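Each in structure tokens, the structures are laid out below.
Here come two complexes built around subunit A, the first alongside subunit B, the second alongside subunit C.
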Partner chain A sequence: MNTFKLPQKMMTILVGFIGIGVLSMAVSFLLDVQRGWAGLLAFAWYLTIMGLAGGFWSATQYVTQAKWSVVVRRIPENTVHVLLVAFALLAVVATLGIGNLYEWSHADIVAHDVILQKKAGYLNTPFFWVRIVIYFAAWYGIGMYLLKLSKSQDESKDPHVSHQLLKSGIVYLTIFAFTFTFAVTDFLMSLEPHWFTALYPMYNFAGMATTGISTMIILILLIKKYGGLKAIGPDHMHDMGKYLFAFNTFWAYTVFAMSMLTWFANLPEETYFYEKRFTGDWAYFTSFLWFGHFLVPFFYLISRDTKRSEAHLMNAAWITAFMGFVDVIWMVYGAFIDNTANVAHAETAAHAEQAAHAAPHAGHFIHGFPFGFIEIGLFLGAIGVFGFIVLRAFEKGNQVPEGDPGLQESLDFHQPL
Partner chain B sequence: MSLDAAKNAYTIGKPYAEIDNDILSPVEGFPEKTWWTWFIISLTGLLVYLGVIGYSFVKGLGIFGINSPVSWGVYIIGLVFWLEIGHAGTMISAILYLFRQRWRTSINRAAEAMTIFAVMTAALLPLIHLGRPWMVNWLFPYPNDRGPVWNNFNSPLLWDVYAISTYFTVSLFFWYMGLLPDFAAMRDRAVIGRNQFKAKTAIGEKLLEMRVWLLKVAALGWVGSGKAWHHYEKMVMLLAALATPLVMSVQSILSFDFVTSVIPGWHSTILPINFITGSIYSGFAMVLSLVIVMRSAFNMKAYITDRHIDNLGWVMLFTGMLVFFGYFVELFMAYYSANGFEQYVWTYRFVGEYAWAFWLTMVTILLPPHIMWFKKLRNNHTLLFIMTVIINIGMWFERFVIVVTPVARDFLPSSWRLYVPTVWDVLVVLGEFAMFFTFFLLFVRVLPSIAFTEVKMDEAGDLAKGKGHH
Partner chain C sequence: MPSFKEIKEGLFSYEEVDSGYVVRVKDAHDLLEAAKKVRDAGINRFDTFAPFPIHGMSEAMGLKRSWLPFITLIGGITGFTANISYIGYITLIDWPIIYGGKGFFNFPSMFPLFFEIMILFASLSTVGGFMALSGMGSINRKPPISEATSDGFAIWIGDTIPESEVKKILGSLAMEIRSVN
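Take a look at the complex of A and B:
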């Protein structure tokens, strides 16, 4: 077995991150219960997308039978372990926090709301719980199956396992496409239950992939820094950098398509989603998200030298991982913006009605600037949980899939000029 | 397939001179009967098409079936359909280049030619639909004396003009640059041939002379020096990197024609993505149809191998599933929206007057690619050819459903009207195909339909790595 162990010092730092996360969560709940629940949802969802991205990414590698990525594969494969923690936290959100976060869970509100009545067939508490269990059972179950299958090849060196991985990868990706769409609708879109746009799941998919690749890069470079994963060279990291660049650009594409089309059509039942997010402090926050998530990494990563340098790639990955969390906060906290002023100043009755729809139920507002020390603490906590769990799992097995028939090709991989 | 069996499936294993002869034989030889038959049919169709266009200019757009709510009809259907066909060429030449997929080498030339001709076919359609095509210059913003009449930059239709013309320019440039080394090789062959062979008549001599001269001009003095190659490869890389976002943007802007409106069924923000997946899907179907015919007609099976056909088929299966997924998301969001208007669009598609077109689309685009799951079926190229033709018919009707159904039943019931194509509409659709195939048939006889310099370079690379058959 060719294993690797990160120095205890690094593990302590990661545990420290987790501590910061727990502390921030506690402070958040003490200061403002609404912000606490919203923060917990954002935290758990961020863990979910990091855990999912690894499985998604390795499944694409099995299905395309990519050879260059064989040596990179073990970290992404191991991210699936994070889904258990994410599930536990989301279960708390969906039971204890559901009243604070999801307007449609209140029978008395639904009784007076025609739109929510029509949606009750989908948006109701029992079905919501059933769906959550199905999602995580599928993601964790198939993800663990793929990981076990891939690991079994280390000993057996059986090339047919690669073919099995290909087949199971197709199943995983197909199920993933549907479950992820529903999960985004459930956890995020239904925070503002009157609002909908068809591109929203795709936008979240782009965000998930960007965040996921960033966190994979962070862990891989961390291991490399302490002498592990020697098989991964600048040529492999260059390709990881390209993945990050491509998905980040795709994220910007979905943001542009969604926002521009909503703005252009100017339908009151859609525009309030953005109107809220451009009111007061939120205008700065939204601009920060769009510039920081797209433009900064775009220009940073466009150069070949950045992608081939470990230090620069690490910087870029931290930026995109952090902005990925900002994105989740933007989606979750945005549902609880105090827009009473917008209702009062609406130009037409239709606008007033829509602005009222946009207001969170029973005054569940989040006041103040949506991003502060608490959220930075939550981000560090999420990275701590993710890093700790994935690295612990990684330490138990081989660093690279030693039985994969493509291993030699992957070791020999060089970027063409 | 075993995991390593097909690793060197693209190595040809022939001497370079033979590769030249194989690929240039359709260009240097005289066309046979089959080609003439198809060419005359297509050319006749094209002439009829031009006649119909001319007649519509004289008589007016009233001869077509378009009416007040459904004002776009076959023109925008055709525009979307042909642009989508065209995009597969750029996918193969640019995106597969960036992904270092070397199997693109044998098919990229034909695919890019297809792009050019498809975009030409597409661009003509809105021009006819203008009604007064002689005022087409009004689309361009330049200082003029028309007073307050100025371009409406808020209109996505105007964005289309710029998107398509940019796309056409870049595609043409990319294609021509790829042809440069091939032109030079053809020129050198033609010069040597001039010294060896004489034509029987004086006119023949003149024509041969002219051919040499034209090839000399087309090759732009390419000598194949190391420095020239160095610059050339840098440029291909840059063009590929520019063409990739371009193809996404053109397809997205095309979808903006619909999504920027407030019409339920059109205003669905996932349409840009659906247009992109749809374009890869229908475009690859067209490439596959053309390539299957081409390789058997011109004996190119050594260059366009079964493995190429297989790869194209897998792309079809993947994008076919994406198209299904796109439809699913749209349908789910209509359900989730709890918006009666959104849901009505789908009810109308399921059971309304155009339900036949909708269900025809669903059956013809969603089912056929799944034959790829079965080894026996996917290795049957006749079946694959039939599949691609069915898919493209389906994609045409898909555009029909998207363009027609939301407006045929818009918000105002008193203005509801059906779109019933007249015989002229049908002639326009047939004419589009005639125009496309006329150009494509000319292309396979005038230019090398496989980028043989690139093929030889890959072959040299294989030999250097010791991977060849020898």
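Take a look at the complex of A and C:
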């Protein structure tokens, strides 16, 4: 077996990151309970998308029968282990924190709100719990099945396993498309249950893919730095960089599509989502997200030399991974903006009513600038949890899928000049 | 009625090989080896001819990176700025009209236009730049050996060196050496 172990120093640093994350979470809960719950939801959702992206990405490689990516595949396949931690944290959020986060879980509020009454058939607490279990059972179950199947090929060298992976990959991608759409709706869009858009899952999908690719790149380059994964050369990393560049641009496309359609239609029940995110401090935060997530990595990664250089690609991957967390914070914290100023300054009665709907229910506001040291600590904690779990799982198996029929082709992979 | 061969020769009249030697080699692998040897011998003026693209030939010949991506970038930037100024001129100076109650210069609603024109300029300049850089514009190119369009492989050495030197560089790879005048 051709395994690789990172030096203990690196693992200690990752455990330190987890410590920073736990500390930030504790401080956040002590200072402001609302911010604590919102931060925990963002943290858990960020772990979920990192864990999902690996399975999604490797399933696309099975289905397309891609050969270049065979040597890269083990890190993405192993990310599925993170879903267990994410599930545990989201279960805590969905049981203990549900009252703070989800307006539709309060029977007394629903009793006075016609819109929430109409949605109660879907947005109710028991069904919410059932759905969470279904999502994670599907993601973790099929993801582990794919990982086991892929690992079994290392010993047996059986080329039929590749065909089995193709078929299971198709099943995974189909189920993933539906479950991810519903999960985004449940966890994030229902934070603001009066607001809706069909583009929200696509926007989240783009964010998930960008974050996932960048965290995979970080781990692969970390292992390469300490002498592992020698099979991966600059040609493979060039393609990973292209993936990052493409999904990041796709993210910008979805952001623009969603906000442009809302701006153009100009319906009071939709525009408050953006209006409150463009008022006061949030204007800076939104600009920071849109410029930092798209323009900076776009012009950084546009050059071929950046994508082929390990140091530059690592920088770009850290930027996009960090901005992926900022994106999640933007979606989650935005639901708890103190919206009373918008209600007071609304021009018509309809606008005032919509603004009141867009405001979080009694007292559940997050005050102050939405991004500070606590959120940076949470980001480091999430990276620590992700890196620790995935690298521990990676150390137990082969570095590359040794039985894959496409391995030689992958080793010989080479980008045209 | 001219024969097919005459028509073909009439079409492909442009001789790009004007001096030096044309050396036939056995197959694609030998051609790669030959290109490496010729480059290592310090000869800059040479080219290879094969019926299909060969992986690794660019590196073997020591070709520099193409300028094509920069042409695409410049085309894209030109298209984007040109269209912004065009729409800006129309909606702010020449004929200001309010569409849908949104004000004069609607950046969000016009952005898809900027984007599309950027793509159009970038893609057209890529095609044009590719034609110019690769010499595909001259459709009457004549290969130095006619088999290079079916099953022959050849390397052309443009420097004026003695034939014994060519033999020394290529060794047993050379199947047939023809000098060009």
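Everything that follows uses one rule, which is that the second predicted complex is superposed on the first by the 417 of 417 C-alpha atoms of A that agree within 3 Å, B and C clash if a C-alpha of one lies under 4 Å from a C-alpha of the other, contacts with A are read in each partner's own complex, and residues count from 1 in each chain.
Basically, contacts are C-beta pairs under 8 Å (C-beta built on N, C-alpha and C of every residue); 3 or more make two chains touch, one makes a residue touch a chain.
Source: prediction; values computed, not measured.
With subunit A as the common reference, subunit B cannot sit beside subunit C without a clash. Legend: residue contacts after superposition of the two complexes on their common chain; A:Phe264 is shown touching both subunit B and subunit C. In the superposed three-chain model, the partner touching more residues of subunit A is B, compared with the other of subunit B and subunit C. Once the two complexes are overlaid on the shared chain, A:His414 sits against subunit C while remaining clear of subunit B. Of the two partner chains placed by superposition, A:Ser150 touches none, neither subunit B nor subunit C. Contacts of A:Thr185 after superposition on the shared chain: subunit B is touched, whereas subunit C is not.
With both structures placed on the common chain, the touch criterion links A:Arg304 to subunit C but leaves subunit B unconnected. Once the two complexes are overlaid on the shared chain, A:Ser69 sits clear of subunit B and of subunit C alike.
When the shared chain is aligned, no partner comes close enough to touch A:Thr210: not subunit B, not subunit C. Of 3-11, 75-83 or 165-173, the segment of subunit C running into subunit B after the two structures are fitted on chain A is 3-11.
In the superposition on chain A, the residues of subunit A contacting both subunit B and subunit C are 264, 416.
The touching residues of subunit B, when paired with subunit A in their complex, are 2-4, 100, 245, 248, 252, 256, 259-262, 267-273, 321, 325, 328-330, 332-333, 335-339. By the touch rule above, subunit C contacts subunit A in their complex via residues 55-56, 58-59, 63, 65-66, 69, 73, 100, 102, 108-109, 111-112. Looking at the complex, you find that subunit A touches subunit B at residues 65, 115, 118-119, 122, 159, 162-163, 174, 177-178, 181, 185, 196-202, 249, 253-254, 257-258, 261-262, 264-267, 269, 405, 416. In the complex of the two chains, the subunit A residues touching subunit C come out as 256, 259-260, 263-264, 302, 304, 414, 416-417.
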